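Here come two complexes built around subunit A, the first alongside subunit B, the second alongside subunit C.
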Partner chain A sequence: MTKPFDDYKGKLPELILTELEEAAKGLKMPEARKMLAKALEQYENNQAEPGEAVGIVAAQSIGEPGTQMTMRTFHYAGVAELAVPQGLPRFIEIVDLRREPRMPIMEIHLKEKARGDEKAVIAFAESLEDVEMSQFADIEENFSKQTVAVRFKEEKLEEHGIDMEEAKKQIEREVRRRAKEREGASLVFEPGFSTLRSLRRFADRIKEVKLCGIKGIRKAIVLPEKDGSGWFIKTDGTNIKAVMELPEVDPTTVYSNNVREVEEVLGLEAARNALIKEAKLVLDGQGLNVNPRHVMLVADVMCYEGEVKAIGRQGVSGSKASVFARAAFEETVKHLHNASIKGHSDNLSGITENIIIGQTIPVGTGLVKLGMKE
Partner chain B sequence: MLEADFILKHSLVPKHEVMSDTSVERLFKKYKLSKDQLPRIKNTDPVVDAIGAKKGQVLKISRDSITAGKAVTYRIVV
Partner chain C sequence: MEESSVYINGKLVGFHENGKELVDNIRKKRRASELPIELNVAYYPDVDEVYINVDGGRARRPLIVVQDGKSLLTEKHCEALQKGKIAWDDLLKEGVAEYLDAEEEENAYIATTNEAVNDEHTHVEVHPSLILGVITSAAPFPEHNSAPRVTMASAMLKQALGLYQSNFNVRMDTQAHVMHYPQVPLALTKQSRIIGAHRRPAGQNLVVAIMPFYGYNMEDAIILNKASVERGIGRTMFYRTYTAEERRYPGGQKDRFELPNPEIQGFRGEEAYRFLGEDGIINPEAEIVGGDVLIGKTSPPRFLEEVGELSMIEEKRRENSVILRHGESGTVDAVMITEAPTGNKLVKARVRTQKIPEIGDKFASRHGQKGVVGLIVPQYDMPFNEQGISPDIIMNPHAVPSRMTVGHVLEIIGGKAKSLSGKDFDPTAFEPTDYEGMKRVLLENGFRPNGKEVMYDGKTGQKITAEIFVGVTYYQRLKHLVSNKMHARSRGPVQILTRQPTEGRARDGGLRFGEMERDTLIGHGASMLLLERLLKESDLVVELVCEKCGSIAVEDQIRKKKYCPVCDSTDVQPVEMSYAFKLLLNELRALDISPKLKLEDRA
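And then the complex of A and B:
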């Protein structure tokens, strides 16, 4: 960066500076200085002032275009795409922070060496899909003998290249029991349960044994990389942690649309980024033009307390310090009741509380208080 | 637990640094802050774990921002 621009480092954001520098090409030194001074003035004029109700502005700026969003769940009409909830349902999912989104999706990019060959990528994608025992064998309970029999479908096993002995061992490991008979293509367990229910539960456990693939991934499809460098994988069902550990995968780009999962594996700041990315994706997908600053403010509020909190009774609104503010939102009686039993006090420092008792709200000029000097 | 390297190099994870006591003091003075006014981050957070930050320390987080290019924020480990 040339001299006059260095002086403005820290005063103007990096993005504006690089843009200005681009625009200043061909300008003489004094002209460039003049432009920078003007830019700084404009920038400072446009900053939010102390006391400005940025939260309300954000709420309105997202809420108004939000009314234009499709209310129905929208599906892609395509061959190799997954049906993703869009519009309002997905946006609600994001701010409510559902434990598992309706359609959890993961994007997996492979290391450069591995992404070129389409066939190899498809094979790899298939190996990710988790397959349960019930697809490879008939599992029957025999209540009179109190046994559970597993009869393998040999062709199916061969199709997926699974060794039967391996599968048998896998089952025995998972249920922590040795089979009574293990001849040929069948396996008989005598777990020693006398009730019907426990026997049935035992059979269900065998059915759920994972033979291959990664837990949670139901389907994996292969799509071309945008830059044409090869192929990447999109999955239905997510498991960032397990996928990142695979040697073929580029661990730095594994992405899941499940914000809670991102928080768990990659931390709070990554979850904030995922929140912004997902919310922007919904808004852009609906053709709505919302300034990203509003979305970022919402994400910041959700991440303020050290963990991602939902917007609503369980999260941000429910953990406000003021009794009145909480009572004004939802569950009025509960909050007033608890406060009166426990003798809580309210400092009346927020907006809602002051509206309730009819005082000037601490916003804008109302933020300034008079003090007395001794 | 995932390898620390995997977490820290992930594209979603911005750079976290533990601040020295003097730079924390300078920060608090500059913005007239106290510790309880900073945004928080849990000490069980995978990134906090990976860089070995302790309770009460302040982290300097250099985010990539869509609006500003680079943005710096601070969080206190609780």
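And then the complex of A and C:
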């Protein structure tokens, strides 16, 4: 970094500095200095004051326009889109950090040379779809003979270009048994189970045999890339890990709306970004104008402990430091009892605790204290 | 499986090889009066079940039977009905009309009008407006209004003050309102007449002008003409009945109606009992205010055998009188002495108060157009027309377009026309409206057919540039009176347990500074204000806390000594805290948790 910019290191964030340096190209020294001074002034003006109750402000800033968000779930007409929960239900899903969203969606962009041909992309998308045996064959258990018969639907197999012999072998591999009869389009197993339940369980296992595709992907549709460079795939059901390993796929652009999955596969920072992105998506989708910094604060709170935590009893609110604050939220008796058993003390550093005992709260005017010389 | 199951009054009684045929036959026989007309039968083809109902409590409605695409009610019937040769019951006997319950209605296909009848129909409505319920049919011109407004009108009809019962004079209702001069609506629907609503009216026909009035009728507020109010518009009498019973207690003791003795525990002072007779019951026509005793009553002490001074068992009775609610006043209307079902002596006293419309009282037309009185204007300040007529009510024009209550506008014109001519314009739903007739009447009587009039500002005398829409509409005074709701407090009673202010108007309570209000103060960082709201103005206490062991200490005022009852230390400090928190500490102790407070100097 050059001279005047060096002086501002530590005063301004690095990102802003590099941006400014870029913008200052062709400027004379005094002008650049002037610009930097102005930038610093702006930057400092925009910082939150010490003692500002940023959490409450964020909560209110999301909550106030959020009351206008209806419970309405919006469905698109047509085949080319998936019905996604929007508005309040989706927002709740995000902050509750549900293990699987009601409509898990993945966006897969292909490598540049693979994305051009629509037909090829469609074929690739279809190959992702997770197909189970039950769609290609009637599977019936016969209790009197203690057999399970698989009768293939030949047209269906052909439609998906699956070889019957391959399918038969696949089933045998999965159930680790050889079929008693394998004539023509049928396959009969005699697993040797005597109870009704185990026989039925065996049949269910056959039904679930995967013929092709990636686990968890129920449906894949092909949509044009926004920049017109070709086509990309949107799926119902997610599995980033498996998809990223495919050679056709550009692994840097695979995206899932399942925050938990993003955290597991890509890590905490990615999950934080996913949280922000998904929350913004909901708010923008409802036409609500919320400053992204509020959303970012929520995401930060959910992430700062090193793993993504939901907002609620199980997550953020349940892991507050203060006994009183936790007891005031939910499961009062549980927290009080635990605290007494373990002999916890409450340092009264938060807001809730201080309201409970009747002291000034440590924000705003209550933050300043008068010190005395010994 | 092939046989249909047959249920009578919900109980399976048997099977029939052809349910459909069975049902058809039952209906035929009912129409031929071979089966009771109270019987209803329904067939469910999807589950092949027949439901026959003859029990009580089924709401049923009348319909005219249609056969082969033709209504069975013929011209002949109508003529005979008009001449009085036959009656409705004869139609039922003949099978021309019948009553269906909700279950049989599922099998019916009902045409709304005679003209709409086709081959598939099984019934036709007696009148198309019968698709509406009893309450909704009382609203005029509902087919000209938007559905939500009709719903609201139906809801508010039930809150309108009027002559709710003609024997109100001898009734002892806990709360009752009776309107002084109720009127029969100019726009009265057919159903209203049938149910007798014109004999128990709940409202008055008022002259309404639709115009803004210096901002005092913003947000649905309405302006009342003071002269009209003084002439008795919307005036009601409010009755409240107070009850007391001479209850018996275990041990043979009982309450006693009497003039309480000044010695008694909780004596209210001579003043409060000044209207009571010897029997401890108030005299009728006494003018009383809140806090005055209506029924003097004493109860036995709460705990038996309280040992008084001189170690004598003293019978000290408690004062337990019934008093007039605080903030209310009125005249004792009637007193009734009777016996409770338990055999105890029972006294009821009814107090009446005149409620004159005031700012904040709720009024509504029958179109879901409700509003609160925003201002009562002297007649000389009200706008007037060339004949010197000034309206009783001024309603804001903004109340109309977005709510699409065209029926309201129609009722205003129709009411104006009817009050000029006496000619009735039927406001029943789906009844064709004679718009031209209304216009003609207005024109004939020197008014403009569109209902607008040239008006003059009462304050300046200047002509108002816009023409004002004026007419006559039925207005209802709704039971929400400010005088029964208004409440504020600065200081007042607190709860015993928490020492926080009580809740609710009846207990002279505070207004809750709730969680969201708390959040706003936190958001502003207004720490001191928050402390004032939540602590200083609520349940602040100064408790002594032991510096050594952290438990609550006590002060022995006789020996002038402050000490800790747990560790006997005298190092105790006064600490400001909320009483609720002190209570929490005690409750924790009750839970076998011993909380300790660590004291620090306030930095």
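One rule holds for everything that comes next: the second predicted complex is superposed on the first by the 326 of 374 C-alpha atoms of A that agree within 3 Å, B and C clash if a C-alpha of one lies under 4 Å from a C-alpha of the other, contacts with A are read in each partner's own complex, and residues count from 1 in each chain.
The rule is short, and it goes like this: a residue touches a chain if its C-beta (ideal position, glycine included) is under 8 Å from a C-beta of that chain, and two chains touch if they have at least 3 such contacts.
In this text the structure is predicted, and so the values were computed from the model without any measurement.
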Message: Looking at A:Ile162, would you say it contacts subunit B, subunit C, both, or neither? Reply first, second, both or neither.
response: neither
- request: Classify the contacts of A:Gly364 with the two partner chains as first (subunit B alone), second (subunit C alone), both, or neither.
  value: second
Message: I'd like to know which partner A:Ala328 touches here: subunit B for first, subunit C for second, both or neither.
response: neither
Message: After the superposition on A, what does A:Thr18 contact: first (subunit B), second (subunit C), both or neither?
response: first
Task: Identify the partner contact of A:Lys241: answer first if only subunit B is touched, second if only subunit C is, both if each is, neither if none is.
output: first
- prompt: Which holds for A:Met296: it touches subunit B only (first), subunit C only (second), both, or neither?
  reply: first
Query: Of the two partner chains, subunit B (first) and subunit C (second), which one does A:Glu52 touch, if any: first, second, both, or neither?
result: second
- line: So, in the complex, the side of subunit B touching subunit A is made of residues 2, 6-7, 9-14, 16, 39-42, 45-48, 61, 63, 65-71, 75, 78
Statement: subunit C residues touching subunit A in their complex are 518-520, 522-528, 530-531, 534-535, 540, 576-578, 581, 584, 588, 591-595, 598, 603
Field: subunit A residues within the subunit B interface of the complex
entry: 13-18, 241, 244-245, 251-255, 262, 264-270, 273-274, 276, 292-293, 296, 300, 303-307
- line: Within the complex, subunit C is touched by subunit A residues 51-53, 56-57, 59-60, 333, 336-337, 339-340, 345, 351, 355-367, 369-372
